[in-house]
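Same chain, two partners: chain A is paired with chain B first, then with chain C.
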Partner chain A sequence: MRMSLRRLPAVLTALLMVVPVVATLIYAASVDASIWIRLWENRIPRLFFTSMLLVAAVTVGSIVLGTLLAFLVERTNLPGRKIFRPLLIAPLVTPCFIIAITYVNFFGIRGVGQKMFGAMGINCNLPNIYGFWGAVGIFVLGTFPYVYTIVLASLSRLDPSLSEAARCLGASRRERMWRVSLPLLLPAISAGSILVALYVFSDFGVVSILRYSTFVNMIYEQISGRYDFAVASSLSTVLMGITFILVFFQDLLTKKRQFSNTKNKRYNLPRLDLKWARLPAFVFVFAVLGFALILPVGVLLYWFVQSLGVDSVWGSNARELFRSGFNSLLISSLAATAAVLLALPLAYWNVRDRNSRWGKICAGASQLGVALPGVLIALALSLVLGQFFPRLNFSVTALFLAFVIHFFAKAYQMTRAGLIQLSPRVEEGARMLGCSPVQTFWLITRPLLTPALMVAWIFVFLSSMRELAASLLLRPAGFDPLTVKVWIAASEGFYEQAAAPALLIVILSLPMVMIMARHQGQYQSSLEST
Partner chain B sequence: MKHLIITCLILATYTSTAVADLTVFSGRKEPLIKPVIEAFTAETGIEVRLKTGKSTALGQQILQEQPRPTADIYIAKESGSLEYLRGKGAFETYESRETKRIPERFKARDGSWIGVSGRSRALIYNKDLIDASDLPQSIEELSDRKYRGQIAAVNAGNESFIAWISGLRLHMGDEAVAAWLKAMKKNKIQLLSSSHTDIRKAVGRAEYPMGLINHYYYHLQKREADEELTNVGVVYLDQKDDQRGELVNVSGAAIVKGTANMTQARQFIDFLASPKAQDLFANANFEFPLIADVEVNPEVVAAMGCEPGTPALDCLHVMDVHLDEFGSQMKTTLEILDEVDWY
Partner chain C sequence: MVTTIQSKKSQTDDQSPREIVRFEKIQYAYRSGKKQFQLGPMTLGLQSHELMAILGPSGSGKTTFLRLIAGLAMPSTGTIELDERVVFDPSTRVRAEHRNVGMMFQDHALFPHMTVRKNIVFGIRQWQKDDRERRLYELEDMLGLRDYLDRYPHELSGGQQQRVALARTLAPKPSVVLLDEPLSSIDADLRSSLAQELRDVLKQAGTTAIWVTHDQTEALDLADRIIVLNEGKVEQVDSPWELYNNPKTRFVASFIGHAVFLPGRLKGQTILTEVGTLNYLPCLQDFEDLEVMIRPDDVKATPHDAGIGTICKRQFWGSMQLYTINLPSGQRLLSTQPAHINWPLGTQVRITLDLKSIVAFPT
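Here is the complex of A and B:
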C-alpha cells in the first residue's frame, strides 16, 4: 500500500503525538532494575491505591451530580432552570487548583470561613478540608460540568418514542428509566466520565494543595527535585499504563453499546412535576452553584479587595499582571489554533477514506496523548528537546508543543465528529461543478465545519488557560502564564497577590465558556463519538 | 492570511517575554529574591529577567542547556545544589573585593560560588498547643512516643531538608540516620509537602503543635498580619556543648559558565555581597548576613537568647560540617530518603 505525499501532514502530526510516549518508555527501559524493585516494594502499590481510589470516587461523584443537575434543569419544573442552565457550566472558568486554594483558606482552621462565622457570632469548627475527602469534593465541584454539559445535550435530544413504546409494552416507570432512558444516556455519561477521570489523573495542583499524594504529584516532585529522572520515568510508565487501560475500556464500553440517537432534533417533552420537592431542589442546585462558583470567586474577590490596600507587593504590578495575561492568551490561542489545524488533515483522511489502514493507525496513534498527564508530557518533551534541540528546550515553543500534544486528542475527536456529520455528497457536488479541492474546502467544507472547529478550538484554549504543571516545568525565564503567577504567589501564602491573576483567568475564560454553553449540541455529539 | 496571523502571533509571543540584560534563575522563592533584584536594578539600571522555581529543577535546566545557557546567574537556596553543579563544571569562577568579604567557609574553595545568606535549622511550635517545658531539645527526642503525630515536616522534595539529612549522616553515620528516619515515620511525622511555608502556616494555624523548618520561617510567621496566627515560638535543637548543634547552611549564587553577559553577571554577584543586599536578606527575610558590616536582625538573636548585636553564629551552637561536602553526599542521602519512603 502506497501513501501519497498529501498524507504527509497527517502522518507527521501522528508522529509528533507519539513522541512523549516513546521517549518515556525508552528512558524508563534504561532505568536500573534495583530502582524498579524498590518502587514496586513500597511506593507504586501505595500510589496505585491512592490514585485509583481518588479517580473512582471523583468520577462517581461527578456522574451522579452532573446527571442529576442535567435532569433537574432539562426535565423538571425546577424554578429558575433557564438561568441555571448556562450557569452550571460556569465553574469551568476556575481551574480546580484555584478552587482548592480558596477552599483551603476558607475551611482551614482560623481561615476566612471561621472568621466570617465568628463575626456572625457562630463559633464552629469547619470540616477538615485536607486529604482524601477534601480532594474528592473539590474535584467533583470542578469537573461535574463536563458530565453535565454532555448529558444535558443528550437528554434534550432523547427520542421519546422509545420510552413510549416501552410503556405500551407494559414497562413500569422504574423499568423504563433503568432499561430505556439510562442506557440511551450511557454514551454521554461515559464520555463525560472519561474526561473527568483523565483530568483527575493529570491534575497535580489540587492534590498537592490538599496534601494527598498520587502518581502525578509524586512524578512532579521527582522531576523538579532530582537530577536524574529514573524514578520519575518509572512512575510515569506505570501511570501511562493505567490511563491507557482506562481509555481502552471506555472505548470498549461505548463501542459495544451504540444506542446513540443520531437524529439532530429537540423534543419538547412534558416536564416532571417536582411538587413539594421544588424548593429543596432549587436550594440544592443553588448550593452546588454556591460551592462551585460563588464561594471560590467570592474568596478571590475578598483577597483582591484586600490587595488594593497592600502597597508593598514584591513588584507584581499591573504591568507584570497584564504581560502574564497576554502570555496566557497568546500561548493558549496559539496552541488551540495549531491543534485544530493539525487535526484537520488527519480527520479528513480518516473520515473520507474510511478503508485506509494507515489512516486508522495514524489516528489511533495520535490519540495516545489523551491519556498523558501534563507533567508527563513536560518530562518527555524536556528529555527529547534536551537531546536533539537544546535551543528549544525551556522555551515558548516547548510550552506550545506541550499544550498541543496534551490537548490534540480532544481537538481531533471534535473535528472528526463534525466532519462525520457532513455528507461527502456536498463536496462531490462542488467538485463536479468545477471547484478545485482547495476551493471546495474553503467555500463548502469550512463554513459547514466551523461550529465543530470552534468548539474544538475553545476546548483547547480553555484547557491551556487552566494548565499548570507543564507551564511550571517548561516556561522560559520572563514568561509566566497566569496559572504560574497564581501558583507561585499562593504557594508562598501571598493570597492577596494570587487574587488578581486568578480573577484574570476567570475573566478571560468566561466568554469562551459562554460560547461553548451555546454550542452544547456540537460539543455533545463530538464527545459522544469518541 | 491565517498563516500571516499565526506568524504574527508567534513573533508577538517571543517579544512579549520581558526585555532584559541579565537572566537570573532563582531557587529562592520569588518574594525572597524580588526585593533584592529590584534594588539591583534601581542601583545599576540593569534590567533583570527572573525565573523562580526549585533549585534542583533550575540546576537541571542549566546543566541541560550547556554549553549555551539562557541563564547568567544561578541562585540556589542551599549549598548542595551549588556544589553539585560546580562538580559538573557549570560555573565560572569569580573573585573580587566584594566577594572577599564573605568568609571562606561560606563559599566554594575555587571561587565558583558565594554564599549570600545563612540559615539555621530549627523547630517552630505553637504556644497554644504545647508548653515550652514539654518541648524536645534534641533530634533524638523527636521520635519519642509523646510527640506521636505532633510534628510536621517537609518531604524529600525539599533541598534544605536533604542537606540537613546529609549533615546528620556525616555526624551520625548512614545506618543511625536511616534508623532515626524510620523511627520518625513510625512516630507518625506529618509530611505535608515540599514547602516550609506550608509547615509554618500549619503550625501557626494550630493544625500541628510543632514543625521542622529553617529558622527564618519562624520570624516570617511572627510577622503574619493576623494576630491569631502569630502565637508561635522557636527552639534550636542540640544546643548543649556535648551535642552536635544545628546545621547552618547558606543560600548562594554563581555565574553560569558560558554567559554572554559577564560584566552584568559580575556586577550582580558583587551586589549580592554588598551591604545593601545583605541588609535586605537580614531584615526583610531574617537570615544571617554573611559580611561583617551588616548586623543580624535583633529579633533573630533575641529568639536565640542572646543580646542584640551578637553575631548569630557566635550565639548558636553550629553543627561542624563543611558545606562543600553536600554536593557529593546528595545521592546517598536521596537513596536513604527513598528507602524509608520519605513522602
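Here is the complex of A and C:
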C-alpha cells in the first residue's frame, strides 16, 4: 500500500500517541516474574475489587441521578425547570478533587461546617466523609452532569410519536417508559456512563484525599514515594487492560444500537404533572445543586475572604501565585495549540479519505490515550524520557507532552466532528473555481472549521488547567501549575492559600461548561463515533 | 381488557353499518406554527366499513381531528362516541391506551429498538401466546412480511416500513384505524401503488379507516367519502364524485380539482357571462352578482379567427393537455384537450361552455 509523504505528520502524531502504551508494556514485560507473582497474589485482586466497586457504585449513582434530573427538567412540570436546566451542568466547573478538598474541610473537625452550625447555635458531629461512601458521594456529585447533559439532549430529541404509538397500542405510562423511552435513551445513558466510569477509574485526587486506595493512587505512591517503577508499570498494565475492556464494551453497546431517534420533531408531548410531588421534587433538585455547586464554591469563597486578611498569602506569596497562574496558562495554551494542530492532518486524512485503511489504523491508535489515566501517561513519559532524553525528564517539555498526549483524543474527536459536517462538495467547488489545495484550505475550510477547532482548543486548554496527577509527577522544580498549588496548600492544611488558585480554576472552567452545554449534541455524536 | 377486545371483534364482524365515530359539538383550540386555531364547533357522524379521507390545507386541523379520536388530545367541550360508546364527555375521559383505536403515524413511528416481529406484537403482548402467534401469522401473510420479521426498522425500505406500521396498527383489531398522512414520507413514484395496496389491505381487513391527507388526488382516488376541512371547520362531507361535481362551498370548489370562477350576472332564469348566457335553475335569486364554477373539461374551444379567447399557456400532461385561455377582460379559463391537439400560443379560439349542472356562488 502506497502512502504519500503528506501523510507523514498524521503518522508521526499517531506514533507519538502510542508511546505511553508501548513504553508501559515494554517496561512491564521486563519486570521480574517474582514481582508479578507477588502482585497477583496480593495487591492486584484487592485493588481490582476496590477500584471496580468504586467505579460501579459511582456509575450507577450518576446514571440514576443524571437521568432522573434530565427527566424532571425536560418532561415534568417541575417548578423552576427553566433555571435548573442550564444550572445542573454547572457542577462541572469545580474539578472533583477541589470538591473533595472543600468537603473534607467542611465535614472535618473544626471545619467550615462545624463553624457554620456553631454560629447558628447547633452543636453536632458531622458524618465522616472519608472512605468508600464519601468518595462515591463526591464522585456522583461531580460527574452526574456528564450523564445529565447527554441524556437531556437525547430526551429532548426523542420522537414523541413513538410514545404515542405505544399509547394507541394500549401501553400504560409505566410500560411506555420501560419498553419505549428508556431503551431509546440507552445509547445516551451508556455514552454518559462510560465518561463517568473512565473519569472515576483514572482519578487520582479524590481517592487520595479521601484515603481510598485504587490502582491509580497506588501507582502514584509507587512512583513518588518509593521510586518503584517495576511495580508501578506492572500495575499500570493491569489498569490499562481494564480500561480497554471498559471502552470495548461501551463500543459494543453503542455499535449494536445504531439507530437515530431524531426525526423531524413537530410537537412536544405534554409534560407529566407531578401533582403533590412538585414541591419535594423541587427541594430534591435544589439540594443536589446545593451539594454539588453551592457548597464547594461557597467554601472556596469563604476561604478566599478569610485569606484576604492573612498577610502570608497575599503579602509574600502573591507573586508566586501569579507566577503559577501564568505557568498554568502558558503550558495549557501551548498544549491546546499543539493538540489541535496535530489533530488536523489526522482528521483530514480520516474524513476526506474515508477508505484508507492506514488512516483508520492511525486514527484508532491515536485514540488510545483517551482511556489512560494521567498518572499512567506521566509514568510512561518519564520512563521514556529518562531512557532516551534524560535532560528533558521532569521539565516543562515533559509536562507539555503529557498534556498533549492525554487530551489529544478529545481534540481529535471534536475536529473530526467539525470536518464531517463540512461537505467535500464545498471544497471541490473552490477547486473548480481555480483554487489550489492550499488556497482552498485557507479560504474555505479554515474559516468554516474554526468553530470546531475553537471548541477543541478550549477543551484541551481547560482540561490541562485542571489536570492534577500528571502535573504533580512531572512538574519541574519551581514550576507549579495552579492545580499543584491547590493540592500542596490543601494537603498541608493551609486552606486559605488554596482558595485563590482554586477559584481561578473554577472561573476559568466556566467557558468549558458552556461549551459542553451548547455542543452536547455534537459532543455526543463524536463520542458515539469513536 | 383482552377479553373485551375480543368480544368487540365478534361485533365488528357483523356487516350492518353502524355509526362508528360520533362528534357532538366538539370544540378544541390548537396551534399550527405561530397561529392560533380553533377546531369546531363540530357535529359529525361516520359510518362503519368506510374509508374516509380527511382533506384540507395545512393548518386546517386534519391531524388534530385524528388526535381527538385517538384520545391523544382532549377537546374543551362536546361529546365523542366511538363504536356507540362514550369516550369523552364532561364526566368521561377514556384515555388513548383504552380506546381500542389504531393509529398509523406520519413517519410510521416504528420502534427503532425492536425487530419487525416485536413491533407487530407490541399491541397484542397481553394475548395468549397461541392467539398472538396466529394473529402474527395472519398479518405476515396478508402483508407479505415473512422475509423480514427479524430485521430492524432502519434496515427496511419506505414501503416495507409502511407495511410493518400497518400490520402493527391492525394487530389488536382496532374498531377504527386512523392514518396520519401515511404516504408523506414515500417517494412520489411509489406513492400511488402503495396507496392502492394500503386501501386493499384496509378493505380486506374490513375495518373502518380515517385517512388524513393534503393530497387531493390521493383522497379522490381512495376514499369512499371525503371530509373537507378548512380552518378548523367542516366544509363538506361527501363522496369524491359529489365533491367534484357539486361542491357546497367556494372553498371546496377551488380546493378539489382545477376550477375557474367566471363572474356573471343573474337575469331572470339566466346568467350573463363574458362567454355567453347560461340557463339557470333559480335558487340564488337574492344575489345579482355571481361566480360560476367552470371545470377545465366544461370548456370547449375551437380555433377561429374571430374567437374572443387567446391561448396563452399550455401544459402537456401526457394523456391530455391543459390550455390556459385569456379572455378580453383579463379573465382566464382553463380547458383540457386531447393529447393530439397542437395549437400554438397566441391562437384565437371560440369558446362554448358545456355545463351539465351549474354551480354558482355569490360574490
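Throughout what follows, the second predicted complex is superposed on the first by the 493 of 530 C-alpha atoms of A that agree within 3 Å, B and C clash if a C-alpha of one lies under 4 Å from a C-alpha of the other, contacts with A are read in each partner's own complex, and residues count from 1 in each chain.
Convention: contacts are C-beta pairs under 8 Å (C-beta built on N, C-alpha and C of every residue); 3 or more make two chains touch, one makes a residue touch a chain.
Since the model is a prediction, treat every value here as computed from it, not as a measurement.
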Task = May I ask you to name which of chain B and chain C touches more residues of chain A?
result = B
Inquiry  = I'd like to know which partner A:P183 touches here: chain B for first, chain C for second, both or neither.
reply    = second
Query = Now for A:R278: first (chain B), second (chain C), both, or neither, which partner does it touch?
reply = neither
Ask   = For A:A165, is the partner it touches chain B (first), chain C (second), both, or none of the two (neither)?
value = second
Task = Report for A:R431: first if it touches chain B alone, second if chain C alone, otherwise both or neither.
result = neither
Key: Which of chain B and chain C A:S208 touches, first, second, both or neither   = first
Task = Classify the contacts of A:K360 with the two partner chains as first (chain B alone), second (chain C alone), both, or neither.
result = neither
Task = Kindly list the residues of chain A that each of chain B and chain C touches, one partner per complex.
result = none
Task = Would you mind writing out the residues of chain B in touch with chain A in their complex?
result = 2, 6, 9-10, 12-14, 16-18, 20, 23-25, 29-31, 34-35, 38, 49-54, 56-57, 59-61, 63-65, 68, 70-71, 84, 155-159, 192-195, 197, 201, 205-207, 226, 228-229, 334, 338-339, 341, 343
Request  = Would you pull the chain C residues touching chain A in the complex into a rising list?
outcome  = 1, 70, 72, 95-103, 105-107, 109, 111-113, 122-123, 126, 152-154, 168-169, 171-172
Note = The chain A residues in contact with chain C across the complex are 159, 161-162, 164-172, 179-180, 183-184, 186, 257, 259-261, 263-264
Key: Residues of chain A touching chain B in the complex   = 38, 42-43, 108-111, 208, 211, 213, 218, 221, 223-227, 231, 314-315, 323, 326-327, 330-331, 333-334, 337-338, 341, 382, 386, 390-391, 393-394, 396, 400, 472-473, 475-479, 488-489, 491-494
